[in-house]
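The structure under discussion appears below in the form of structure tokens.
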Amino acid sequence: MKCIVYKGKEHMALEDHPMPTIQDPADVLLRVTMSAICGSDLHAYNEDRAGQGQVMGHEFIGIVEEVGPRVERLKPGDRVVLPFGLGCGACFYCKRGWHPQCPHYQRFGLGSLPGGQAQYVRVPMADANAVHLPPELPDETAVLLSDILCTGYFCAEQGSIRPGDYVAVVGCGPVGMMAQMAAHLFGPALVIAIDTVPYRLDTARYLWGAVPLNAAEPSLRERVLALTEGRGADVVLEAVGTEGRGLDTAFEVVRPAGTISMVGVPTVDTYTYPLRKAYTLDLTYKVGRCPARRYIEQLIPLLQTGRIHPERIITHVLPLDQAPEGYRIFASREPGVMKVLLKP
Amino acid sequence: MKCIVYKGKEHMALEDHPMPTIQDPADVLLRVTMSAICGSDLHAYNEDRAGQGQVMGHEFIGIVEEVGPRVERLKPGDRVVLPFGLGCGACFYCKRGWHPQCPHYQRFGLGSLPGGQAQYVRVPMADANAVHLPPELPDETAVLLSDILCTGYFCAEQGSIRPGDYVAVVGCGPVGMMAQMAAHLFGPALVIAIDTVPYRLDTARYLWGAVPLNAAEPSLRERVLALTEGRGADVVLEAVGTEGRGLDTAFEVVRPAGTISMVGVPTVDTYTYPLRKAYTLDLTYKVGRCPARRYIEQLIPLLQTGRIHPERIITHVLPLDQAPEGYRIFASREPGVMKVLLKP
Amino acid sequence: MKCIVYKGKEHMALEDHPMPTIQDPADVLLRVTMSAICGSDLHAYNEDRAGQGQVMGHEFIGIVEEVGPRVERLKPGDRVVLPFGLGCGACFYCKRGWHPQCPHYQRFGLGSLPGGQAQYVRVPMADANAVHLPPELPDETAVLLSDILCTGYFCAEQGSIRPGDYVAVVGCGPVGMMAQMAAHLFGPALVIAIDTVPYRLDTARYLWGAVPLNAAEPSLRERVLALTEGRGADVVLEAVGTEGRGLDTAFEVVRPAGTISMVGVPTVDTYTYPLRKAYTLDLTYKVGRCPARRYIEQLIPLLQTGRIHPERIITHVLPLDQAPEGYRIFASREPGVMKVLLKP
Amino acid sequence: MKCIVYKGKEHMALEDHPMPTIQDPADVLLRVTMSAICGSDLHAYNEDRAGQGQVMGHEFIGIVEEVGPRVERLKPGDRVVLPFGLGCGACFYCKRGWHPQCPHYQRFGLGSLPGGQAQYVRVPMADANAVHLPPELPDETAVLLSDILCTGYFCAEQGSIRPGDYVAVVGCGPVGMMAQMAAHLFGPALVIAIDTVPYRLDTARYLWGAVPLNAAEPSLRERVLALTEGRGADVVLEAVGTEGRGLDTAFEVVRPAGTISMVGVPTVDTYTYPLRKAYTLDLTYKVGRCPARRYIEQLIPLLQTGRIHPERIITHVLPLDQAPEGYRIFASREPGVMKVLLKP
């Protein structure tokens, strides 16, 4: 089967691998019908962070091809989405909705499992993780449930936004876009989008009606104060990660007694936390990897009724064969590039 | 000054009364710039429930004309809105945001205080209750803050709607309209509007994108099940009150382990509660008079940024002189009639 | 095997039935090590509400004797507790912790399943429902997890008690005792116990430090006001059910903007709800059957560390053979009788 | 009047100052009846952090002696407690209970206001801040409401402890003691007390039944895991502050998806936050100065009913004259020293 394999910094290759097979009675084999490139794939691509030979891809949906003997809730022909990381579904953490803390947690693509930028993928612990998709949900929309739609929602939910709040979103890449869209589910008076790339800021304004602020221009804090009755953002959603500059911005624009909710993936071990300021201002800071499994079923009705349209961020749908080009395009951050899907 | 006075069943009169004056050091005198007729005024009008000679009106805004000697936060010329009921601001209940339970609670119009369908009104405990209005907020919008916008929001908030929920709103009068609009601040997948008046159902669809269901047609429950994955509404907002038929409908359409939040004003002392059903289905039921003071400042930013447009329900703005005609129009429930404002 | 069978009003019999067997691949067969008589068993006994020939008992623990072929989490020899009602663990309601609303919900004893006042019991959907017990937890304590400890906790939790609140508990039978004990986990300033039976009131005072109030004496409301700074109970926990007199009491003693949480099982279809009062006072009312499965694992650590001692309410531990006498004793409501266990 | 004045590192002096007077119409003049030395006073004493000539003391209660002309809720003779910092009571932050973020926030002793280790103190914005004390509450208990009891409660509340949780408290000084006691109001299965001073650990065990762990001994994390089913503390309350070593410990012992709530006052500007770990573990971190005003009325009933006994931590009550000796004793951290009160 065809799949996309990490070969080193800025080098992805289309390869032909043997078909995956059922290895455990709880496995299913999935024929992938749509896959996507995630910003975290891009970090791997740009910074040599994936393992040599890793089959990439943790955002995908597909059709069940074969089921292991202990699988009960799935049968061949079922159309399902998987969260990007899998939990056992029965432990202390899974029961509380914190699958990334499950002792059996495994991730596709960038983790221990071969990924879904491939024609087929083996899915362990399938009963506990696969979610059936309603037939009317297009592949392009459904594939976003595996990671970035849930991650954006998680970021917004953790921010404890109340109706009438001013929300700032730092980072207008695909996850930041999802966080903005999700923020609107909590009734904010205003969403402020912060980035340094004009195309992304324009997109934030166009898609979700955000007020865009270019962080590369001076006096960011003053501009935020001017939009928030002089007090700063009630809630800041951070969708940048990396070395922490997005987090610097979050501390710059958050209001006293406000909350920073961060889902951006850090690439550094530590961050110089403004402790005295945080103490004096009574700040709450939440950061973490999204337990996507917790949210998929909650979000599907919002897609079905058209209440949210995450697929608006999709700019490219390429055949899987062209994934190396897809990575190049996504890495370019050029105008017109936001989210790249791969169709096997 | 001119004011509208209750004279008996279906009889309101324009009268000339002496100007109100400051009676307590914490009073202010307000020159009313906009007033409205509320559904509860209509109950009084239709059912002879107000006191003879009562100056009507508990929805109004205005300009401070004169302030008592202990007033600190207000000065002549300030433009303010008042909640329809006033609390002391300092007691156990007021501190928890439950002003209607304040021992000093007083209501305009239908309560002990002469109302705001008048050129001037005396406002007791003014510092604790008056809220400054931003200059850019039109009178037509701002006047809705005194009652129905807050009441609709309270109804939705008490329902504990979560993103993705199915919400049914029973009653599509002005308060039901506000409840529908407010429900959207909590991210529902769908809002279902239930009423028996076609014009009101059409308006619910047109203004807020609700799915309208006519309760006068058969199989209401089945139609709700068809819209809610077969389970019923996660949350039901009741905006009918009176003898409890709206509440009957709420119990008919709510899902197991769901919540009914009711702000409709009952005109009966008791209701035959389906206790065994509620026990078996694990239902939550909240009912009450809205503590409008709690919400005014929270909702103003949503009006300023255009996130909500409650003024869309206004169908008539009449001069105060024509209030008797306004009551007649509102009471007609004819197509084209939703909310009637009165301009002194 | 020996089991206790309902034979008609006030008539329980010890019978010898064939051993239950595995009928479904997800079943386990349990050897019961401790069982209990519940207040709802007593209703059946007193009021002829169980089915002729029903094997009684929904509170029990035991040792797994045999497991069906699809059971994964349990093996012979495991010591487990079961909730009194079973859910599938995977549906919309089970995932949200509302197992009594599961379409596959089944109850032992009073429901469709033969009960646990027996030497052996068949347990369907065992993986989703059985919870392992720590070895140090005595049988007498553990058996209370199957119903009344969870039900009392559920009642308290639904009441949304905040530290410093005044809590009234109506009904001092076994469930009311558990509700009082559980209420203390939420930091109330005071727990007021209301009943008409002096022994039960004395027990409430002795075991949990409650202030006992005899509802048979005059001026109950005034006595509650005197204990609550004149405002009534912030939260009322109702553990009576039946025809609704306990609920009458709850409405009598709750404070404005307070909450009534009820787990008492009603024996009537409807209740005359004081609607106007509830509206005027902004009351919240929750009622329902406890989803015991949701709480068992949460409560076990509290038992292990000795933070709670529900076993204090046990007054009788009889051999299973003497269950008919156990029912008679429990039904007597005599001084010295609170909770009766049955040891097979 | 006599008062205690900061004269430089480890030097407090009893001085005779002019009586304070009413300076603003909203002031009251208070005759102090009990005062206390706080751990933050000690930081100032040890590290030369207060201003030269500052009258010390932010924990005190007293009797109103004189009131300004705009004061409405207080009169001479009233016995009241003040929070250690004052807010206006009417701004965005005060209304949400975040008084430390009020633009008019002022603190006694270590802030801009002369403190309460004195015979008299001027209290600005008195109506909004002073809380009446019930007569039966002893001075020794009531004085703890001004800061450390509220601060300990705030710390616990921010931790979002659920019944059955394992809670670790880092730091067993007076605030850590209050945090432990307050934690019990949220129903934890266990409170683990962490410190390096044996006397403090013994006191934690003796007063609140905590399991004491000496952080100076090896393998702290392993010992916490052994007490928490192998997962770490669900919630960690940090009551150390200073350079952040307590926070290091908090990150060491918190469980995945857990919460750290910190009220320890930092003496450094920044902290090396373990960002990658926090991301991978989905951690929540809250830090801040306690809005004591928010909690005083909520906690008083708990004191009145004897549900909590914060006064158990008091080890010394000295005449105000002996305050310099009191500071020396408190600074010694010797066995037998926990909380020092000063009686004018």
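Chains here go by letter, A, B, C and D, matching the order in which they are written, and residues are numbered from 1 within each.
As a working rule, a contact is a pair of C-beta atoms (placed from the backbone, for glycine too) under 8 Å apart; a residue touches a chain by one contact, two chains touch by 3 or more.
Bear in mind that the values here come from a model prediction, so they are computed numbers and not experimental data.
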{"item": "Intersection of contact partners for chain A and chain B", "value": "C, D"}
{"item": "Chain pair with the higher count of C-beta pairs in contact (C-D, B-D)", "value": "C-D"}
{"item": "Inter-centroid spacing, chain D versus chain B (mean Cα positions, whole Å)", "value": "43"}
{"item": "Chain C-chain D separation of Cα centroids, rounded to whole Å", "value": "41"}
{"item": "Of all residues in chain B, the ones touching two or more other chains", "value": "92, 229"}
{"item": "Interface residues, chain B side, partner chain A - complex", "value": "153, 157, 162-164, 166, 182, 184-190, 229, 298-302, 304-305, 307"}
{"item": "Interfacial residue positions of chain C with respect to chain B in the complex", "value": "92-93, 96, 98, 100-101, 229, 231, 241, 244, 247, 256-257, 262, 265-266, 268-289, 291"}
{"item": "Residue numbers on chain B that touch chain D, as the complex places them", "value": "70, 72-73, 90, 92, 95, 297"}
